[in-house]
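Reviewing the structure listed below.
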Amino acid sequence: MGLSRDVYRLFESVVGPENISDDPAILRSYMYQPFGCKRGVWADISPAVVIMPASTEEVVAIAKICNRHHIVFKAMSTGWGIHNVPGVEGAVSLDLRRMNRILEIDGKNMFAVVEPYVICAQLQVEAMKKGLNCHIIGAGSNTSVLASATSVVGYGPDGLSMGYSGRNLLGVEWVLPTGEVLKLGSLSTGSGWFCGDGPGPSLRGIMRGWEGAWGGLGVFTKCAVKLFHWNGPSELEMKRVPPNYVLKEPIKYYKSSLFSFPTLEKLAEAALKLGEAEIGYFISRLSPAFVGLQMAAGTDYVNTWNTGMLQEMLKYAFLFVIFASSEREFEYQQKVLAAIIEETGGQVSPISETQEMQEQTSTAVIKVDAVLRSSFHPTGGFNTSFGAMDTVDLALNIIRVGTELKDKYIRKGALVDDGGDNSATLVFDQGHLAYTEMLIMYDHHDDESAEGAFQYLAEANQACLDKKLGPPIFQISQVGKGKHGAFGPACFNYDMWLRKIKSAFDPNNTADPTAYSPPEE
Amino acid sequence: MCPSITRYNFHTYSGGGRMALGLALAEGRLEDITDELLNIVYRCTACGACDSSCKYNSELEVLWPIYSTRAYLAGMGYFLPEHSMIIDSLRKEDNIMMKPKTDRGKWAEGLKVKDLSRGEKAEVVYHAGCLYCYDPELSIIARETVTLLQKAGVDVGIRGSQESCCGSIAFQLGFQGEFIKFAESNIDDWNAAGVSSVVTSCACGFGIMKSVYPLLGKEMKFEVLHITQYLDRLIKEGKIKLDRSIKSRVTYHDPCNLGRKSEIYIPWKGIEKKVLGQFILREPEKVICRGWNGVYEPPRDIIRSVPGIELVEMERIKEYSWCCGAGAGVKQCLDDFALWTASERIAEAKSVGAEAIVTACPWCERNFKDAIAASGDDILVYDVVELLRQAM
Amino acid sequence: MVLILGELVKGRLSTNTREMLGRGRELADNANGRLALLFLGDKVELVAEEAIAYGADDVYLAENPQLGTYQADTYLQIIEKAVKDMEPEILLMGQTSIGRDLAPRLAFRLGTGICMDCVRLDIEPISGIVRMTRPVYGCKALAVMICKTKPQMASIRPGTMKSAELDRSRKGQVHALATDIDMSQIRVKVMAKVEEQTDSVSLEDAKVIVCGGRGMGSSDSFSILEELARLLGGAVGSSRPPCDAGWMPSTRQIGLTGKIVSPNLYIAVAVSGSSQHMAGCAESHTIVAINKDPEANIFAMARYGIVGDYREILPPFIRRTREILEGKGGSRCC
Amino acid sequence: MQIVVCIKQVLDPEMPYSAFKIDADGKRAIPPQGTPPVISPYDENALEAALQVKDAHGATVIALSLGSKLARSILNKPLAAGVDELVLIEDPAAGDLDSFASASILAAAIRKIGGADVVFTGRQAADWDAGIAGCAIAEELKMPCITVARKVSVQNGMVRVERLLSDGFEVVESPLPCVITVDSDLGELRQVTMQGLISAKKKPVSAWKLSDLKLESPPPPRCELLELYIPKRKRVCEIISGENAEDTAVKLADRLFEESLL
């Protein structure tokens, strides 16, 4: 379903011929097939055209053309996932790759202003030069800062000390689906980027909701995010060779340890206490499988796994990192940590004390660049399922239910046996909140595996309803088309609000609703 | 790091996009081969940056699927018209410069050097490569190289008009059939000549000889060395003395084919077993070449050994080096892209205050020189050998 | 009936014709039919008895001064008429400059098919269908074909079939054919015929070929090959590289884009054995390879090989060969 | 003067042995990866012959090709080399035709083009090596035919051709129009230049189907292909060796004598 030449020319006049294409060769690389061919709402849907705007003005112009001609559009930044491409045929895909500038780093007020294609690693490098650091989401430092802040979830294990992307969001420049530009927070009153809320009621909730706008409410072209204190080196020098880069110099007042607990409950209790004690830089639940995959690959990994040693030692474990700014604070945090671990019957895993592990984790923790290696190594096919950013209790329920359900599919042989309970989780935002996400690995080139994974995800969604676990984070966007409708009634009819917002902000329904919500009927 | 995506921005121009494209072709999800498609496929210097950066912590092969896509298209008869010129010249004249074979030996006229193609014997055969043989401005460097080796007491010979192309361009453009013929006949000739080492100044030649020749399964009774490796040895053995000092602040540009692409690629053969449910276990284990085993230090050591020279590094070096833009036929067929890529690198060199870019491949040198001529920049370009000669 | 179009070389049956007679005889016997030979020319009756001695039952002579030299338009008229009268089952001619020129057009006019350049003919006893084998894809593959209409036509590559024994006692009949020529049909005129002076035999006819490759190194080095060729009464050929390099005239090139030969003995000196070259000589009876590189492809194709430098091998080889030919062969041979 | 050159797209005859594979059931060679098809070498000589005539007397040269799937990037080469127009007959039905069938289709195309003063073809195509099509085209068009030409010149309405013989060559003359099949001795097709490539982009290319030639289906084959196979070369090379070169050489000579090969 292509565009008429006239409309194409309209778009072309906005961005120039170099930055627009509807050639099949180009479109092919803007399509995903997460579960192999013809599975799930996203499979094999091609955009009608790909456009690469370079400025807010161009985005506005494009949005206006779309409204005039009733064409659906969807913006993508770094494109880490199927929810970045249009979920309907004949849509315009906006690749924001050319909007990749860090516009400002305000050292005094500790924030940065970025465009959509700025990735965490890029911002972190610049921030560190000024003695600052930024929150990086769990998926890794190669993801868009703005996208996490405005549109998609935004949890990261360093959230223990640096909140989460939604919380760190300050001023925003927002191109509404209609093409009007809306400025949020202090920006709206022309008083700069420093605050997320301007005078009057906060718009952040409407804009971002709990887990993000998922491209359903137009395009966020600029935003400011909080930066945090960094007392490490202003430049991270690496040694060794890929894939084992590590920091040349160990960082002062830095200590990472792997703690394991007798039960899941104890693990959660410890995490909660650590959060409330407001110590620590980084905490992440690490499943035995993921720890193993960090340290070994192929046969080595499989052999290690088969010894059962990993499962034994790390069944309920998390990685906890202290990164203090002074000798005294360092000692203090270690004391508190030791105390809490003792109360909760935790044990330091010997693995984490090896210099190898200390070095390895240091980069992995600061740059958050390790997860890809674990998640894609076994099969190349990876997905997330159950999940929530909520309370510790909910996190625990999800893990229990999720593990049980996953085990069923592992026994079927559809998924990689990662011990079932493979959840990258835990308290963040200094213990006020807990995050969980059940990860699965499957072979998307293997029909049975792909089919199995797909069924698992569907069942997982159903379980969220039956077991009262709330809407499955991420999943909605994936198996989703309007799935909010299904979860709303179970969750205070939140979907009604989404639909109201959608209708109010997008009268012509031109911003692709697939991952968000359709407007009111 | 990838010139192609940096210049053209559409995802398809990136390593990942190219894999998506190749897969679509292979799976028959993309029937019509548009000019745009060919444009995308060949506006890529096959510099391998995508491959190295992906392997920073993953095990994906990115470069070879790019080769395969080209071979697949070539097999169906799809390529740019300019490519057919190069390949015809290769078939008719054994070179990619569209010049007569009989002129290939001209660069060495007047040199007192053994010609192995006439049955003379030598320890080392010096392979000048197409560009050095036919580019009047550069062939002087080949002459200097031979004299340099002779001065250092090396028993060196050449193959005169019988030297032929290494096949690198043919391979990278997807004409693998053509490549095999040249690779095999070169190996035959060198085996027959009974030399102990083949030394070349052309990084493109070196890269292909190191990384792909071995895959042909022919016995190679000789060692393949790049001139920088050989000269580095000679200097360290004290056979070359550098006494004249050169006051200059230079930076070194890693040729892709001398660096990340000179690492041998080992195609995986074996069985894939599924364990732990879907875990794909390869037996034997797949060998991953991440590009950090390239030739990085010898050229740098040579530069450092020149009295008075200050070597400053650029931001993107070694396995993360930014390509000069000339590779994989882009220089001959899509020069605009080649020059743009070079200009980016030149800007980077100037940003670290270098007065000259030193490199070790005629293609890089040619392309930088052209880009500088076009932009009227004042920065200089040297081959490592030129630097050495000045310092002797 | 099996009909063969005969050719003369210097007044005698060409080798190729004798070879066709050899195989033709077997085909005829197999189908218990007659073997006939058709000759066009000026005063050719002399060859009739030779043809019979080589196995022909009938010899048809079309004699006319105008037929002295081959001219397609003339020959076609006569042969077309003759074949239509005789209605042979099988019609063979040589893969020679005449056969190449004539066969396709004759087939077209007879409304039948033809297999060019066959190296092998097999007949199915009952049906009498001839399975014709011919090299294709530059000798990389062999194709077996049959001709669906009569006569089944084939042109035969010289040197690929066994000539019949000469038997003077054989009897046969000689027939004269009318040779009235319609001059209006003659459009192409032969102005001159130039024989190229080569001291050795032409490549196509040579029983022995000595071929030099890229490894020869220079044009002068070919002289030693000339010497060997002269000794063996053969011809000197070359693979493509020496021709490209100008060491040898392109008329001497054997291979895909040069001459296609199948001599009894093919001595490949410093030839690597590329597909381009082998296309021209793969069908030779015996290939001998002399090459420095033990991995050279030529050894895969050769029957006998020496791994070594031809400069060292050839002189003693020539000496020994001369001894042998002069009857002074070592004890083992006599 | 109008000249038509018939060119055939074939698998590269110079592809490495290893690359040459056959689909025995389909009785056809399998196109290899990494080795593009080419214009049959002798057809390139034919193009050169036509361009030489054009250089000498001026002429419109039209390249004509027939096949089931034709690669533009390969068949555009003649345009870059100086040919004025390209006519492609691309039709699934034109898959594997025998020489006579191809000839009748090509002849039909030549009539549609408006005839030709000279039709050039290669002496034979590098796939089936038959050497029939050229002659058959001549018969179809009732034109005189001169085969295996190594030199061609046109003067006052006549062509003068040197045609190759095994022991030399003969000089023949023919009135126009006529068909000439060309040998490699005539010389390789001239190098394509950058300007050539650029000008080629502007030259007319027409693509026809059999139906455009008023042909529902191609004529039936006159011969039937029973089998296509790669001969098993008995790779038994007897390597002769001795104490030294001398000895080895003698051994070889004796061996050949024993086998009565001398």
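When the chains are written out, they are named A, B, C and D in that same order, and each has its own residue count from 1.
The rule is short, and it goes like this: a residue touches a chain if its C-beta (ideal position, glycine included) is under 8 Å from a C-beta of that chain, and two chains touch if they have at least 3 such contacts.
Model, not experiment: these values are computed from the prediction.
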By label, the chains that touch chain A as well as chain D are B
Of B-D and A-B, the pair joined by more C-beta contact pairs is A-B
Which chain, with its centre taken as the mean C-alpha position, is closest to the global C-alpha centre? B
Between chain A and chain C, what distance separates the C-alpha centroids? Give it in angstrom. 77
Cα centroid separation, chain B vs chain D, in Å, comes to 37
Please work out the Cα centroid separation of chain A and chain B, and write it as a whole number of Å. 40
Could you put a whole-Å number on the gap between the CA centroids of chain C and chain D? 22
Per-residue overlap in chain C, given as positions that touch at least 2 other chains: 274, 309
Chain B: which residues touch two or more other chains? 92, 181
Could you pull out the residues of chain D that touch at least 2 other chains? 14-16
In the complex with chain B, residue positions of chain A that touch it: 18-19, 21, 23-26, 28-31, 50, 52, 79, 95, 97-98, 241-243, 245, 297-299, 302, 305, 369-370, 372-373, 376-381, 410, 413-418, 441-443, 446, 449
Per the touch rule above, chain B residues touching chain D in the complex are 68, 71-72, 74-85, 88-89, 91-92, 98, 174-181, 184
Provide the residue numbers of chain D that touch chain C in the complex, in ascending order. 11, 13-17, 20, 22, 29, 41-42, 98-100, 123-124, 126-132, 134-136, 138-139, 144-148, 160, 163-175, 178, 184-185, 221-231, 233, 235-241, 245-246, 248-250, 252-259, 261-262
Across the complex, what residues on chain B touch chain A? 8-12, 16-18, 20-21, 24, 29-30, 32, 34, 36-37, 40, 52, 55-59, 274-283, 285-286, 290, 292, 319
Touching residues on chain C, where the partner in the complex is chain B: 214-215, 217-218, 244-246, 272, 274, 291-293, 295-296, 309, 311
